[in-house]
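Labels A, B, C, D, E, F and G are assigned to the chains in the order they are written; within every chain, residues are numbered from 1.
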Amino acid sequence: MSSSTRAGSAGYDMSIIFSPQGKLYQVEYAFKAIKSGGLTSIGVCGKDTVVVATQKKIPDKLIDPKSITSIYKITDYVGCVQTGIVPDSKSQVSKAIEIAASFHNKFGYHIPPNVLAKRIADLAQLNTQHASARPLGVCMILIGIDEELGPQLFKIDPAGVFCGYKACSAGEKEQEATNFLEKKFKSISSKDSNNNNNNNSKLSRDETIQLAISTLQNVLGADLKASDIEIGICSTDNIKFTLLPEDEIDTQLTKLAERD
Amino acid sequence: MSSSTRAGSAGYDMSIIFSPQGKLYQVEYAFKAIKSGGLTSIGVCGKDTVVVATQKKIPDKLIDPKSITSIYKITDYVGCVQTGIVPDSKSQVSKAIEIAASFHNKFGYHIPPNVLAKRIADLAQLNTQHASARPLGVCMILIGIDEELGPQLFKIDPAGVFCGYKACSAGEKEQEATNFLEKKFKSISSKDSNNNNNNNSKLSRDETIQLAISTLQNVLGADLKASDIEIGICSTDNIKFTLLPEDEIDTQLTKLAERD
Amino acid sequence: MSSSTRAGSAGYDMSIIFSPQGKLYQVEYAFKAIKSGGLTSIGVCGKDTVVVATQKKIPDKLIDPKSITSIYKITDYVGCVQTGIVPDSKSQVSKAIEIAASFHNKFGYHIPPNVLAKRIADLAQLNTQHASARPLGVCMILIGIDEELGPQLFKIDPAGVFCGYKACSAGEKEQEATNFLEKKFKSISSKDSNNNNNNNSKLSRDETIQLAISTLQNVLGADLKASDIEIGICSTDNIKFTLLPEDEIDTQLTKLAERD
Amino acid sequence: MSSSTRAGSAGYDMSIIFSPQGKLYQVEYAFKAIKSGGLTSIGVCGKDTVVVATQKKIPDKLIDPKSITSIYKITDYVGCVQTGIVPDSKSQVSKAIEIAASFHNKFGYHIPPNVLAKRIADLAQLNTQHASARPLGVCMILIGIDEELGPQLFKIDPAGVFCGYKACSAGEKEQEATNFLEKKFKSISSKDSNNNNNNNSKLSRDETIQLAISTLQNVLGADLKASDIEIGICSTDNIKFTLLPEDEIDTQLTKLAERD
Amino acid sequence: MSSSTRAGSAGYDMSIIFSPQGKLYQVEYAFKAIKSGGLTSIGVCGKDTVVVATQKKIPDKLIDPKSITSIYKITDYVGCVQTGIVPDSKSQVSKAIEIAASFHNKFGYHIPPNVLAKRIADLAQLNTQHASARPLGVCMILIGIDEELGPQLFKIDPAGVFCGYKACSAGEKEQEATNFLEKKFKSISSKDSNNNNNNNSKLSRDETIQLAISTLQNVLGADLKASDIEIGICSTDNIKFTLLPEDEIDTQLTKLAERD
Amino acid sequence: MSSSTRAGSAGYDMSIIFSPQGKLYQVEYAFKAIKSGGLTSIGVCGKDTVVVATQKKIPDKLIDPKSITSIYKITDYVGCVQTGIVPDSKSQVSKAIEIAASFHNKFGYHIPPNVLAKRIADLAQLNTQHASARPLGVCMILIGIDEELGPQLFKIDPAGVFCGYKACSAGEKEQEATNFLEKKFKSISSKDSNNNNNNNSKLSRDETIQLAISTLQNVLGADLKASDIEIGICSTDNIKFTLLPEDEIDTQLTKLAERD
Amino acid sequence: MSSSTRAGSAGYDMSIIFSPQGKLYQVEYAFKAIKSGGLTSIGVCGKDTVVVATQKKIPDKLIDPKSITSIYKITDYVGCVQTGIVPDSKSQVSKAIEIAASFHNKFGYHIPPNVLAKRIADLAQLNTQHASARPLGVCMILIGIDEELGPQLFKIDPAGVFCGYKACSAGEKEQEATNFLEKKFKSISSKDSNNNNNNNSKLSRDETIQLAISTLQNVLGADLKASDIEIGICSTDNIKFTLLPEDEIDTQLTKLAERD
């Protein structure tokens, strides 16, 4: 670390307090933890479908590949991809499951994706305001089908920010993936200029999955095999959150290769 | 940071204690956090109408524009625009909703805007006196129609100060917006000199909305489109807090352009 | 800050501990916070009347003048002027209202002014002895009519000191105002030498109000308009704490001008 | 503060811990706070009478003289003079009143002076052992009539030390007053050599009061008027703690002047 | 420690906070504690069998060899090998036993190995997020037979990461052991290329045990005697967690020697 | 304080933690506090009698001599002499009284001296292990008659060490007094060589008292008067703890003078 | 302390956190506290007998020798020798007694020695993980007869490590004593090579006691008298924990002298 960096923070980064510039350094360092995790995740929302996709990188050939996943089911109808510190990821998912279960108990119906995203973000905000714990070093991309609004895609970061997205990315290559996705959506929009501000893009199920995959391939600069990719999906046909089976990923990879 | 700045604070800014000059640095840094958020918000109170307006800046083209808002409904009759750190904004709104709901439960009628503003300010003050948490990096402009007093406009800052206003501003261009508004209100007052100290200005619904919009346009130095602006409104005709639909914003923009 | 100032405090000012000279620096800095607030308040106790007066300085022309006040009603019969950090002022008033309400519940009669002053001072003292919170940066001047003792005027400071006064001042020009008041009371006493030590001065209602106003005018070195002044009053005729209406302030200003 | 002083304490004075010399610096600084308060108090125990006396210095001519007192009634039968930080004084008196009331509730008779003194001292000791609060910057001289032992005079200091005395002093001129009192008691003893070690000196009511007054006059080097002195008294004739009325103080001053 | 190392951490390693690089130093130091414990442990999962193996190094010839073990039974059906700080190991095992017992009480059946592993990892994560305690300096390799999934092997580290493995290692020679195991599994896979990603390797009971032993022998560079090795085992034939008796270890050592 | 002393402690003395040499500095400084109190106390255990003796130094001639004592009754049958910080002494005695009362309530008989000594020592140990409070700066010498063991003499120090003694000392001249007592006991033992290791020395009541007095006289290098000495005593004849009346002290002083 | 030592620890030794090398310095300093206590203890386990032995060093000739002991009874059937800081020793023994009593209450039979040792070690581990208290500066050697396993010998250290032993040592000369014991056990084993790994050595009662004594004599380099030694013993004949009477120690010393 250069001494000028130190001079810039001067102790404000050791706890949850404002720096003279109004910054919260611990939050910024949590973002660094996410970037340095080495993975990139993608979320894409289509007309009837919403997917999360991420690399499946087995750090060690001896690991049971089934036990390495960044994609988690929260309820039968809501799932997410977690990018960042793995134990923080699991801790956040555990809390999300608790929130969802308690909501179902209390109100008798499943928690809508946006309500769940808001609650998770509220918990993340607390870790940026109170001195008792550090922020979580993880970024959640959450998907589900809202009964009224259709496919939903949210991103929740360590600062406690949550937003709906047409498509988004998190992790090491977040910036490159976002650029790629924006370019793609621009060309889609330009074809379909009447629908400029509509979140529910006109992407079909296949297009949605393939956009997620091609974004991963593009930013990682490598041909990915089906076993290198994890995809979670919800669609209005089947609103249950499911992991795309490896053979379907393979089929989509082939279609994608043919299309190009 | 220059060394002289450091010498000026000398550790008093690391916690909620007085500096030798009687300053609370963490509070001042929270104001910096608000300014550095990059947004400017406006509140204007008219004869029968009160509005909050702010820029709608979508940081990322892929974000679902519906999910980006700085304007929040607290009860059916009270709303606000939040300027500053977004998760702090949402956390403060959540607490405001709780306060309002609990008031309604206890007393059987809706919380008046001024009572709500006072309660939110009291909570903000606690964060400047106790060591358990930092101040919130957010400024709230709250509006509603008081049954007896008519349109009400309040601003609540991280120090816990709350005031009623004829018009006010928060955020990056707060100073410029305030100057613009003062000039406008001066010319209104000079025309209507009998009503010098009356908060309920003589502004009609259209004038109120247009003043909010023209202030934003003036300080941002740019022609704003309807989609770049968010406006929340309450009026004595319709005391419910509502978001102005984009087409009406468009209509007002056209009228404003014609007027000039 | 000069290095010698630092050497003089050497860390004793960062918490509620004694310095080697037996000083509590946080308390002294709280007084600085009061002085630097820019306002001056006056309390004057007459024969049958007691008033608090302060400047009404609207920092921003757009502020609803009604929402800027330094004078607060605590019960129907006790009120105060608060000088210093505004949110601290409101927080202290809130606690005072609670104390008064709880006293009334428990004993079935209104809390006497001196009992209330003592309780508020006790709370202020706690903030100078325990590490959990900083002292409040506010000075309260409290008035009321005691059933037996007649008009009462108390001042409560951040150190937890409270005293009864014939007349007192707080804020930026406290010293100048005190000098002015002493001189005035001296000339009154000299005329009425039999009554030297009696708190209940022989000032009539008009004299009491005018002394408060003329003190403000004198220390601020400016002709004040009725709208620049706030006055709270209790009298044996009408023991309810009321704000003097602007037209009566105007009348008193005229009388004062004529008298001089 | 000289650098050698700092070197001598080296951080041991910032909390309730032992210095390498076995000192508790915060306690010593509390004594400094008492000395720098500017007042001196006296307690004298006679045959049937015990008094506390102190200067009544009105810091500000506008203060209601009745509201400035250093002498407090704790129960109907026990009172004290407090020297040091005024709000700490009142806080300690409040606790003493609580202790006395709770004792009376529990045991059905009034708390004896020595028991009360011990309890107050125990509380003071806690502030020198636990980190939660600073020591109180006040010294209490407590008097009362014990049913069996007669007049009682105790001094309780910030270290938690309490002692019975024939006569004692606290505050700015404590040393000078103590020297004066010792000299006086020596001459009394020499006259009445049989009664050398007996606390209940042979001083009559008048002698007791006059010794307290003359001590004050001597150390302050000034002729005191009745209004400059406060005297609290208990006697076996009237065991209730009462404040000596100003006219009796005047009478005693006259007798004292005549006697000399 | 070189000064550059200090500069790199600069206080971020003294508590559970993020460094500017997004690192949690206390967690990294906990891993150092595990490595410096001097022991290496192995877990291997076969077709019907799963074993944990470790060195049994009696630091002192006088120690009762029976009291030195790194292998612990958690329930009748789940066991583990602990590598790192011994008391931390036992503390973690105690908590695991509690979790398992409470699960059995609540649900009426034995806790599955993967659920137990997750719960232990969740507790470890808490020690990396909250300031109340340091992370545990221990790595757990946990085995059991899942009713549906067959033999299971998990590793849980101080960061709170847990993973399923075909084979894994922990401790001083973790890297060398992992390399050796990977090479072995590669040659197994290459023979049985259809089964590339299947966790349940085709290793028979004897092969499983012998692979664990030969890994230990390889990385320690020494001929191990039966008394130098501890082996815990579960198999689908006998799902109870048992320690392999010394004579069977001896038999396996002989077979291994003959095979080579 | 020399800089080398500082270098030797380097912060380890600011709290209850081990120094690199395994020392607890706060405990050592508590011993310094005891030594610097200026008093010396003696305990001597005879055949049927056990006494504590100490100087009675009235720091101020005006103090009621009766209120200065270092000797405290804990129960009717157990008493002690306290040496060190006076308020700490009283605090410890208060706790001892509570312990004894609670024991009597629970078990229906008086707490034996050794049990009480152990409990007091346990409390003292807590102050050396937990960060919540400093050690007490006081050393207790406790005496009583055990129903079975006869006269008992214990010393409890700030470290929480407690021991039974034939004779012991505490305070400023502890070392000198101990040397003197050892020499005396050696000569007693040499006369009575059969009884070398027996705690219950053969000292008669008079010899016990006189040894305590002569030790004080020896180390203080001054002829002590009866009023300069306090003696607490228990004996098998009268197991109640009593203070030796001044006339008996005088008689013993005379006998002692005659004996020499 | 050399400056390089300081550089090596750099603040990691001021609290229970890991150093960059994964060390817990406070634990290491607790071991230093044990070594610097000046005593050495021995535990030896024979065929039917298990003993703890230690020096009895009376630091002061006036101390009642009966009150100095390092050997404590925990239940009728389990005892220990404590080496290190004496008050920490007693505190740990008190907790052990509580644990044993509570176990007996709950389960209706006496706590087995190994269960008790584990519980004590668990408590010691907590002091190495949580910031609330320092580790205890004491090492416990605990003995007892297990109903099934026969004589048992455990050592529990400040790190929370506990182990069963054939023989062990703690304190100043721990290393020398361990070497001596190892040599002796080696020669025993070589005679009885069939029984190499069996904890229950073939030592008879006399041999067990004499080995403990001769180890002490060897490392202390001095002829010890019976009164210089304390021995606690349990045997299968008499499973109650008893202190060996001085005359039996004497007899064993004589036998030992004759044997050599």
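The working rule: contacts are C-beta pairs under 8 Å (C-beta built on N, C-alpha and C of every residue); 3 or more make two chains touch, one makes a residue touch a chain.
It should be emphasised that the depicted structure is a prediction, and the values quoted were computed from it without experimental measurement.
Enquirer: Can you give the shortest number of steps from subunit C to subunit F, where adjacent chains in the path must touch?
Expert: Minimal hop count between subunit C and subunit F: 2.
Enquirer: What is the distance in Å between the mean C-alpha positions of subunit B and subunit C?
Expert: 32
Enquirer: Could you state the distance in Å from the CA-based centre of subunit E to that of subunit F?
Expert: 57
Enquirer: Among all residues of subunit D, which ones touch two or more of the remaining chains?
Expert: Residues 15 of subunit D touch two or more partner chains.
Enquirer: Order of chains around the ring, counting from subunit F in the direction of subunit G?
Expert: If we begin at subunit F and move toward subunit G, the chains come in the order F, G, E, A, B, C, D.
Enquirer: Enumerate the contact residues on subunit D facing subunit F in the complex.
Expert: So the residues of subunit D in touch with subunit F come to 7-8, 10-12, 15-24, 45, 114, 118, 121-122, 124-126, 128-131, 153-154, 159-168, 178, 181-182, 185-186, 197, 199.
Enquirer: Using the touch definition up top, name the residues of subunit D that touch subunit C in the complex.
Expert: 1, 5-6, 9, 13-15, 25-26, 29-36, 60-68, 85-88, 90-91, 94, 132-137, 227
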